Every structure is written in structure tokens, then in C-alpha cells.
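Two complexes, one shared chain (chain A), two partners (chain B, chain C).
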Partner chain A sequence: MTGFAAYLVFFLIVALTYSIVVMGLNIQWGYTGLFNAGVVGFFAIGAYGTAILVGPDRTHLIGGFGLPFPLAVLGGMALCALAALIVGLATLRLREEYLAIATFGIAISIQLVALNFESLTGGAQGLVGLPRPLFGLFDSPASYNLFYLGVVAVMAGLVYWALETAVRSPWGRLLKAVREDETAARSLGRNPARVRLEVFVLGCVLMGLAGGLYVGFIGYVSPLDFLPILTFQIWAMLIVGGSGNNRGAIVGAVGVWALWAMSGLAISRLLPVAYQSQGGAIQVILIGLLIVLTLIFRPRGLIGEAESVSKHAD
Partner chain B sequence: MLQAIADGILSGSIIALGAIGLTLTMGILRFANFAHAELVTWGAYMALGVLSLTGAFMGPLAPFSFGVPLLMATLVAMVATALLALAIDWLVYRPLRGRANHLTLVFGSFGVSLLVRMVILLLFGGAAQYYSSTLQIAMKVAPGLRIMPDQIFTLGLTAVIVVALHLFLQKTRLGLSMRALAENPELARVNGIDTRHVVRWTWIIGASLAAIAGVLYGLTVQLRPEIGFHLLLPLFAAAILGGVGNVFGAVIGGLIVGLAESISVLFIPAGYKLAVPFMILLLVLYIRPTGIFAGTVGGGKS
Partner chain C sequence: MKSLIVSGLMGAGLILSGAGTAQAQDCEIAVGSVLSITGSMAAIGSAIGDAGKLAIDHFNEAGGVNGCEVNFILRDDQGSPNVGVDAAKTLVEIEKVPVLLGAIQSGVSLPILTSVTVPAKVTQISCCSSAPSFTELAKEGGTQGYWFRTLPTDRPQAAVLATIAAEKGYKKIAVIHVNSDYGVSLATRFKEDAEKLGIEVTGVTPYNQEQASYRAEVNAALQAEPDALFLVAFPADGATVAREWISFGGSQNLILSNALRADEFVESVGAQYLENAYGIDNAQVEGESVEAFNTSWKDAKGSDPNGPGLHVMYDAAAVALLAMEQAGEADGTAIRDNIRKVTGGEGEAIYPGVEGFKKAKTLIAEGKPIRYVGATGPITFDENGDVTGPYLIYGVKDGELATLDRWDKARVDAALEKLQ
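Moving on to the complex of A and B:
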């Protein structure tokens, strides 16, 4: 494979992994109107959970269960569900803002645990040398990456299909009902707080799934892969693609990740070495502008939410 | 232990100043402003910018490490921060107000927080900076307790501001309008209160206090572009603990959060200090979501 094709495969694996996170956020924000300000925290819980369960036994570390990869990912997702329950039960019966604040808090706390709980997370060095699923079956890293792209694409496709089925079900209509008019939903005998909790946990579990897939691909975890900026990047992907639309979530993930990669390349080529850190700031400013400008001028994003009108209406 | 309590009261008073502005905006403008803590950073750096332009041409006022220049710089920083808050309100929040989902405003402030932080990083660089390079000798107040004169100044200033703000809210017409708008927006409007006027002054007061908090933080700790990011959770915890919209509550909340942070270091590794406000926040939300002193907009859904 040429260098560019190899890079493209690498790029698509990461972009499609993020698209699963974006779809998780989409069911929370796009369909139900829940603001999750700690996306990176749940992605990290899934990644670290997977890493700890899949990793080989090491004397100086807790964990090292050496579980098969799929089981480890499921374990990471279960941890995400637990964290989401703790935050969700505290906040979802209160004003909507409190969920935003609490998720912001859990993301910071997870970052601290990742950095400081060295005997579990490996601290600043992270956990390295994790087994990559089925790596031994391939003769070159390039063909393995191609295989892994297939795995991630199938997983993203499955998540897409499952969410599309879910939002078209009566349960899915309930989400929008709770978002649009909580009082009406309640008067029809629904429990909005419960629906919110279900959606919040589901979205966070999907973020955890993506975290697990990410670890399987790179073969290590490090706190540097879970910086707060990722939360903003995921939000930019969602709003650019158009919230309330899963196709938009995938388009946004690939598009914004491409923009990020290209702006990084442009800065490293064009700016002198002395100004590289300022270049990094400019790159982040682009993400911030993308969020704020889209929110003001094109709130429906590139694709946006499809109108849903009852077939009984005129 | 004594030292930890003294340090906690000090950082708590800085958190309190920031939390007052946050609780006012949360109570009156009715949204959780994720960008509020960035106003603290902005204020701190604006003062640094003024100092670096004018230079510390007058010696420090003993026993403090700073002199008249920093006081002047603080005034300029307050104006600059108020202007930034008004500009953000006009450019970002005004077009987003009235959208069906009021969380759009929270989302907007989330994006703005990133922008402000990065602009500061771009303008001033990422390294830690100080207002003054002179080292201050801590005074030994009691056995095992050392306090720097700057820290006493910080405490005194906070107390004066809290009293002044209390009188403002109780005695002046504008203060009364602000409380009215926080308690019942519809009723306030019916009674002819100019909402836009009150909103403007809410930003000016909140941002000015944030700027002062930023300068005091820079004076007693150090300046970094991440100040605001690290203060955001303590500010939210303090505002919610004290009851959203309740100024006095924000002060008590700030002191509790500051004390809890500094005392926690005696029992858990210092690396987890930043998670303490989150634990307080979760506890409050589980046990008493309206805060210790019921705020104007309590925990219930509005």
C-alpha cells in the first residue's frame, strides 16, 4: 500500500470510531435534548476499562485479567453504564443544566484518575503493549489495519442500524415527545425522567464501545488520547453533521476529523517551528468557531433532522 | 491542619467572588454559563497585559507585593472583562435566546469557553506568569500557620465586596430589579422592569467580580491559561451548594468548597484535589438540590 492509502485507512478507522461516539451523543442531544459536557470521560472509561480487562497480568499493576477482547469491551461498556447511572440518577430529575455540569465534572474526575491512579491506569505513561484482537493472523500491520477498518465499519454500521430502528420505534417517538413537550408526554402516562435516564445510559455505553474499539486498534491507552478538547471535537462533529440525524453524525465525524487533520498538516508545514504551539491554539479555535457559528447560523447542520409528521395529519 | 484551613479560606474567598457572578447570571439570565470561569482568566491576563505595558513604575506598597499599578490594572481589567462579557452576550447569546431548547445557550457558552481560553493562550502563551517577581516573606501568625500579606488583602477585599454587593442588591433600584427578575421574570416584566437593562448590568457586575477574582488568583497562585478551566467546577459547585441566584449562599458555598479542597489534601493524594468539588456537587444534587439556602431558581425543573 502506498503511504497515502495507509494513512487513509488509519484516518478512517479513527474517524469511524469517533462516529460511534457522535451517534451516542446524537441520541442524547439530537433526539432527547440532553447536554453531555463530558463525552471524553465516557470514551475514556470504555477505553481504560477495556485496557484493564484485556491486558496481560503485570506484577506492579492491578488488573491484567487477560480477557478476550470482545468481553473486555463489554466490561468497559458496563463501567460506562455504571458511571452514567451515578451521574444520571443525581441530575436527570432536576433542571437540565445540572446534567451538563455533572458530566463536565465526571470527565475531569476520570482524567485525574487516569493520571494519578498509577497502579490501575499506569499514570502518565498509560498502559502499553495491550494485545490487539486477531493480530497474529495477519502478516503485515497494513493488512491488519485494513481488517480493523472492516471491524470498525461493521460496528458503526450496526450502531447506525440499531439506532435508526430504535428511533423509529414507539420508544423513539417518545424521546422526541419528551424533548418537545415534557408536560404532554407526562400527561400521556409516560415518565420523562426515566426515558431520559435510559437514553443517557445508552448514549454513554456507545461512547464506551468506541473507547474499547479505539484501544483495540492502537494497542495502548494514555491520558494524552483523552484530553478535554476531544469533547469539543465530538460536539463539532455532531452539530456540523446536524443533530437529530444519524447519517449526519457519521458525515460530521469524517468531515470534522478531516478538517482537523488537514489544518494540523497545514500548520506544521506553514508555521515556523517557534510558532507551532500557537498553531495548535489556532486549530482549536477553528473547532470553537465551527461550534458557535454553526449554532448561530445553521442550527440544523449540514443534513439536519428530518421532519416527522404523523401520517394522520393533513 | 491550621494551615490547611487558612489556605482553604483564602482559595475559598477567590472561588466565592467567581461564584457570585456565576450565581447571578444563572439566576437572572437562567442558564449555566460554562464560559464564566474564562472571564476570570481573561481578567487576570488583562491586568497582566496592562502591567507589562505600563511597567511597575511605582514601588510596592509595603507590606504587599504589589503597588498602585496593579490596582489601576485591576480597574482596567474589570472594564475589559465587562466589555468581553457584553460582546459575547451580543454576538452569541442574543441570537440564541428564544430558541426552543434553552440548553442551546449552555451549548453556546460551552463553545465560547473554548474560544476565550485559546485566544488567551494565543495572546499570552502557555507558560506560568506572575505579576511581580519579588518574593514575599510569609508572616508567622501562630505556631504552624504562615500567611502572606497579599492573602490578608485578598480576604479583606472579598469581605468588602460581599457587603457592598449585598447593600447594592437590597437598597438600590437596579439591585431590586435584578432580584425581581431572578425571582419572577414574567411579573418583573409586567411591572415595567427593562429586562435588557438588567441583563446588561448583570453581565457587568458578574464580569467585574470575575476579573477581581482572576487578579487575586494571579496574585496568590500564578497565571496560567487553564485557570478558568480548573475553576469552573469549583464555581458551579459553590453556586449550586449555596442555592442558585443566592449571593450570600455563593459566598458560603465558595468557602466550603475551598476548605474542602485544601483539607482533602491531608487525607487523599493531592492529585485528586480537583475532583473534590465534583464530589460535593454530586452530594448536593443527591441530598439537597436546592442548595443550603434555597436559591431563587431551585433544583426543581423550571
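Moving on to the complex of A and C:
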């Protein structure tokens, strides 16, 4: 398997990994209205947590526990839950834009910790030579990628199913109640602060899961992977796909990542060789333009939030 | 592909018969490159791409590789690993490139190497990624030999600087470095080497880029009253650090990293404060082969090739193309196995430029050995894909940057030997 099919598999692995992050953000923003602008920070904690637990022992590093991959990912997620709990307790009393600023700052701090805590994270060098799960069992990289796509797709499917079940439960309706009118929710005897914390931790754990899957696929992690731009990419995916809808989150992740990645391919094909060094700038303009156009023509995203009307309303 | 060797011979034959503009190409070979055209490295990325393109234009003018026209496909990584990895994957799977040039930042090159080029058996040659993690990975067998880089690593630089510091009799040295893979690794190496030579390193202080003041870092480094400072920085931030260091009464015995060899740095610190300073740089500024590159760059662009990464990128592309010509086929593994046959060794010297590549093609067709002496001078790759080269020691004389000393390869090797 080579050519476009091999690339497509590769592309989908990355896009579906991001779709898990986007679903994590969707439960926070789309359903509960928590403006988390620090997505990349929790993605980073999951990635580093996994990398440290799965990595080989090295003399100059604290980590390197050589754990099996699934355990390492669970460890990364647990670390994410802990971090989200601490961040959530400290910041969730903040409203919208204040929460955004606080979480944005926290994500930058997390990236700086990764850059500076050399004996744990490898600092600017990153962590190299991380084993890719079950890599030895496959005879070619292409068949391995197909296997890994299966793993990521199953994980994304599980997350989708679990979230769909959750948001249709009484707990899910409570999320929307908190988003729409916190005072009303409280007057009905609910505890919005607790709900917000639960959702924040849940969303961040999903981001951590995606971070772990990313590490398993790339086999390397460095602070450069966690620049703030990734937070905006994830947000673009959610808004374009349609916030408040888990299918929208997946469609947005695949669609926006396709735009981001494949516009480069299209440009390098269409642009005369002499202008190739301008191609990068054209690509960035094109990405911005297409996102803006989507929002003008589909302001609620490609698949917006479904109307939720009580079945007793008629 | 089977007739490549034959057509290569024919191409060489055309040149021999005096048809200098051999353009008889009915096939194409794609060479891919992933560089930062936008993003944090955008200021240097586009010119580096032009340097790669220049090498490919020269080769095409000389008759192409094995009679095929080389098509240069440049992709932008936006300074992000995820975008760079995706671009590399399309180049490898869809454009079918046998060799990938890039990326600039180590944090982009490494994930490309581990998740794209090594699994696909494509040779990757970087102009600019300096992190020692590549050497570490190569030693573990993680690169399977598909990784090369044309810029010298920090290992010899640190050794030479520490050796000179010991000769000058410095006893206590503070280190301030930019917090990037480049800064961290050079500072760590230097500390190790200096301590082996009996110099006390009083502290290693990292700084984060693009801040208005570095007073805190400078004060921390000054605490132990060192008699010299090793500064690993880029010119703008480096000037800020050096000014604050000197104004707070720090020693003027400065040791400077290669990136500080810039007029901008000397002007904004003040030449009178830098008379006791010395630094190191790759000795890529002189020599016939370097002139050949500089002239052809000037012909093509109308300006001097001043900027980081230009010489090394030209060499990365040239080495790839020569190896392809030598191999007779455009295949990643064949390129990997032939790179050392066209560099180092005892063959006839080949310089950059159309004439040089024509000569190389003729010699390869005759089965004679060649040795590429590039835009950065002679190139030899070690078993990890790293190069060591000659160095120069620079300083400031009469208010201007000047070359104080030269270290050829033998002298560098001797210094390294001593520190083993």
C-alpha cells in the first residue's frame, strides 16, 4: 500500500487523534460553555505523561519506566485528571473570557515547564526513541499504520459513544442548563460549580488520551509540539464542525485538518516552481479565508447543535 | 528506472562531446524539502529554500541526475511539527521523493525522521537541525543510517572553546544560554568539557527568547563572581544580555557562540567592550569551493549569501544529488549507501556550481571516485550522519569582527581526543 492510500491512512490517524481533543473541548464549550483556551496544555500533559511512562530508561532522565503502552496512556490521563482538577478548582469560578485568559496562561506555563524541566521532559531536546506499541508485529510500516488507524478509530468511536450517552442522560441536560442559565440550574437544587468541575476534568482527560495516542504514533515528543497555535487549530475545528454536536466535532477535526494539510499539497502542485517559496504564505491565507467563509455561510458550523425540544412539548 | 545508468552514461557522453547545455530529459526525479516558510523561522526559511533550489538548478543545467530532470518540491512546515510531518508524508507517499531535505528546527526534523522517512526508507538530510538527540538516536539504531546533516554539531565547537578557555587561564566561567535545543546542548557540552580541563563552571543560566531585559539571568550568573562568561545566544537577545552583563560589572572576558558572529551584535554592544571576547564559527567563509558558491549565489540573486543556513542547505542538496548520480537510481536506500562515496575519501575534488557538477557527472560515468568539497568546505559524514569541519576563531579588532585563529580538522580532532 503506497501512494495516496498510505497518505490517507496517515492523515486519518492524526485527524482522528485531534477529533478526540475536539470532542473533549466540545463537552466543555459546546455543552457546558466553559471557555478553555488551554487545550494544548492538557494535550501536552497527556503526551508527556505517556512518554515518560512508556520511554526507555535513560541515565540523564528521571522517567523511562518502560511500561506497556495502554498503561502509560492511562497514566497520562490520570495525570491530566489531576492537573485539570487543580486548574479547575483554581479557575472555574472565573467567567468566560477570564477563564479563557487563565487557561491560556496555564497552557503556556505547561509548555515552559516542559521546556525547562530537563531531567523529566528532556527540555528542548524532547524525549526520543519512544517505542511504538506492537511495532515489531508488523512486517511493513504501512500495515502498522493501518493497525494504528484502527486503534485510534476505535478510541474515537468509544469516546463518541460515551459522550453521546452522557449528554443524553439527565447529567447531559444539566450541562446545557448550566450553560444556558446557571441561576436557574441552581434554583432547581443543582450544584453548577460541581458540574463545571466534572466537565472540565472529563474534557481534559480526553485531551490527555489524545496526547498519549499522538506520542504512540510519532514516537517522539518535544515542547515544539505544544505551541499555542494548536489550541487555535482545535478551536477552529470545533467552531467549523459545529459546537454542541459530537458528530460536528469529528467532521470539523477531519475537515479543518484536511484543509490545513492538503492545501499545502494543492499549492505545491499548482504553483510554478519559481514561486514555491511564497507558497507557505498563500497556504496560511487560504486556510484563514476558507474558515471565515465557512463561518459566513454556515454560522453554526457544518453540523450545528441539534434542537433539543422536549417530547412533551407538542 | 532500469535504464537510468545507461541514460546517465549517455548524458555524460553528451557533455563530453561538447554539448554544454544537455537538456535531453524525458524523465523527472522529485526531491522534496520541508522548511519553515512561515512561522517562527520564516525570516530565514525562504532563503534557505532558495539555496536548495539553486543546487538543483545547477544540477539540472549540468544535465540532470542520471539524465533525468530534478524537480524540487518545497513544502512549508509553518514552524509546527504536525504540519511538517504531514507535508513530509505527502512528499514521500504521493510525490515519491527518494530524499527529503530538512527541516530547520530539530523539533520538526525528528518526528519526520521517526514517523515518516525512516519507516519509508527515505534519506533525510537537514541543513540546520543541531540537536544532539539525532546522534543519540543514530547510536541506538533509530535512524537506520537514513539521517544526515550538513551543519557541524556542537560537540567540536564546545571542545575547541573549552580548550581555548583553559589556554587563556580562565578559572571560573559562568554560562548564559538561549533556552532552545541549540543553546541547551552547546552549554551542556561546554560545561562537561570545561570541567574536564579543570575549569569551574559556576552556573548555567538559561534565558527565554525575545524579552526586553535579562537582568535576572545576568544577576544570577554574576553571583559566583566568575572571571569569564560563555554566552550562547542569537544576536539581538545576545546583545541585551552582554550589555547588561558589562553594565553590572561582569568580566569582559567573553566567550561567544557561533550565532553571535554578526555585525549587529558588535554594534549594539559596542566594539570597545568586546576586545577580550572570542568566539567560534564554522570556517565556511573562505576557500575556492566556498567562493564558487558565493559567486553563483550572487549571479542568481544579486546579493551576497549572508544568512544562516544557505551554505549548508546548498551542500545538503548537492550531496543528495551526487549520491543519486553515483547510485544510478533514485532510491532512498541507494542514496544513503552512496553519500559517503561522494564525500570524504581520496577522489577528485568537486566544487559547487554547474561546472563542478558537470565534472562530477563525467567522472562518475567513467567510474572514477569523486569527493564533494562544498559551500562549507570539505565534508565528511561520520557513522551517525554528523559532519565535523574546520573552525575559525573570531574576535573584534579595530572595532570590527576579525578572524583571530583557524582550527583545521586535525587540530579539532586532537582537542576532541584529549577530552575523551
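Worth a mention:
One rule holds in what follows: the second predicted complex is superposed on the first by the 278 of 314 C-alpha atoms of A that agree within 3 Å, B and C clash if a C-alpha of one lies under 4 Å from a C-alpha of the other, contacts with A are read in each partner's own complex, and residues count from 1 in each chain.
One rule holds in what follows: contacts are C-beta pairs under 8 Å (C-beta built on N, C-alpha and C of every residue); 3 or more make two chains touch, one makes a residue touch a chain.
These figures come from a predicted structure and were not determined experimentally.
By the touch criterion stated above, A:F232 is placed in contact with chain B alone, chain C being left untouched. In the superposition on chain A, contact is made by A:I296 with chain B only, not with chain C.
Once the two complexes are laid over each other on the shared chain, residue contacts for A:F10 go to chain C alone; chain B is not touched. In the overlay built on the shared chain, the residue A:V284 is in contact with chain B and with chain C. Touch criterion not met for A:V39: it reaches neither chain B nor chain C. Contacts of A:L92 after superposition: neither chain B nor chain C is touched. By the touch criterion stated above, A:L112 is placed in contact with chain B and with chain C alike.
112, 115-116, 229, 277-278, 281, 284 are the residues of chain A that lie in the contact sets of both chain B and chain C, per the superposition on chain A. Taken in their complex, chain C has these residues touching chain A: 36-38, 42, 45-46, 49-50, 53, 71-76, 78-83, 85-87, 89-90, 93-94, 96, 105-108, 110-111, 114-115, 119-120, 131-133, 136-137, 140, 142, 179-181, 183-185, 206, 208.
Chain A makes touch with chain B in their complex at residues 33, 35, 37, 86-87, 89-91, 93-98, 100-102, 104-106, 108-109, 112-113, 115-116, 179-180, 182, 228-229, 232, 235, 277-278, 281-282, 284-285, 287-289, 291-292, 295-296, 299. Of all the residues in chain A, the ones that touch chain C in their complex are 2-4, 6-7, 10-11, 14, 112, 115-116, 118, 122-126, 128-129, 141, 144, 217-220, 222-225, 227, 229-230, 260-262, 264-265, 268, 273, 276-281, 283-284.
Of all residues in chain B, only 26, 31-32, 34, 92, 95-96, 99-104, 106-108, 110-112, 114-115, 118-119, 121-122, 125-126, 229, 232-233, 236, 240, 269, 271-272, 274-275, 277-278, 281-282, 285-286, 289, 297, 299-302 touch chain A in the complex they form.
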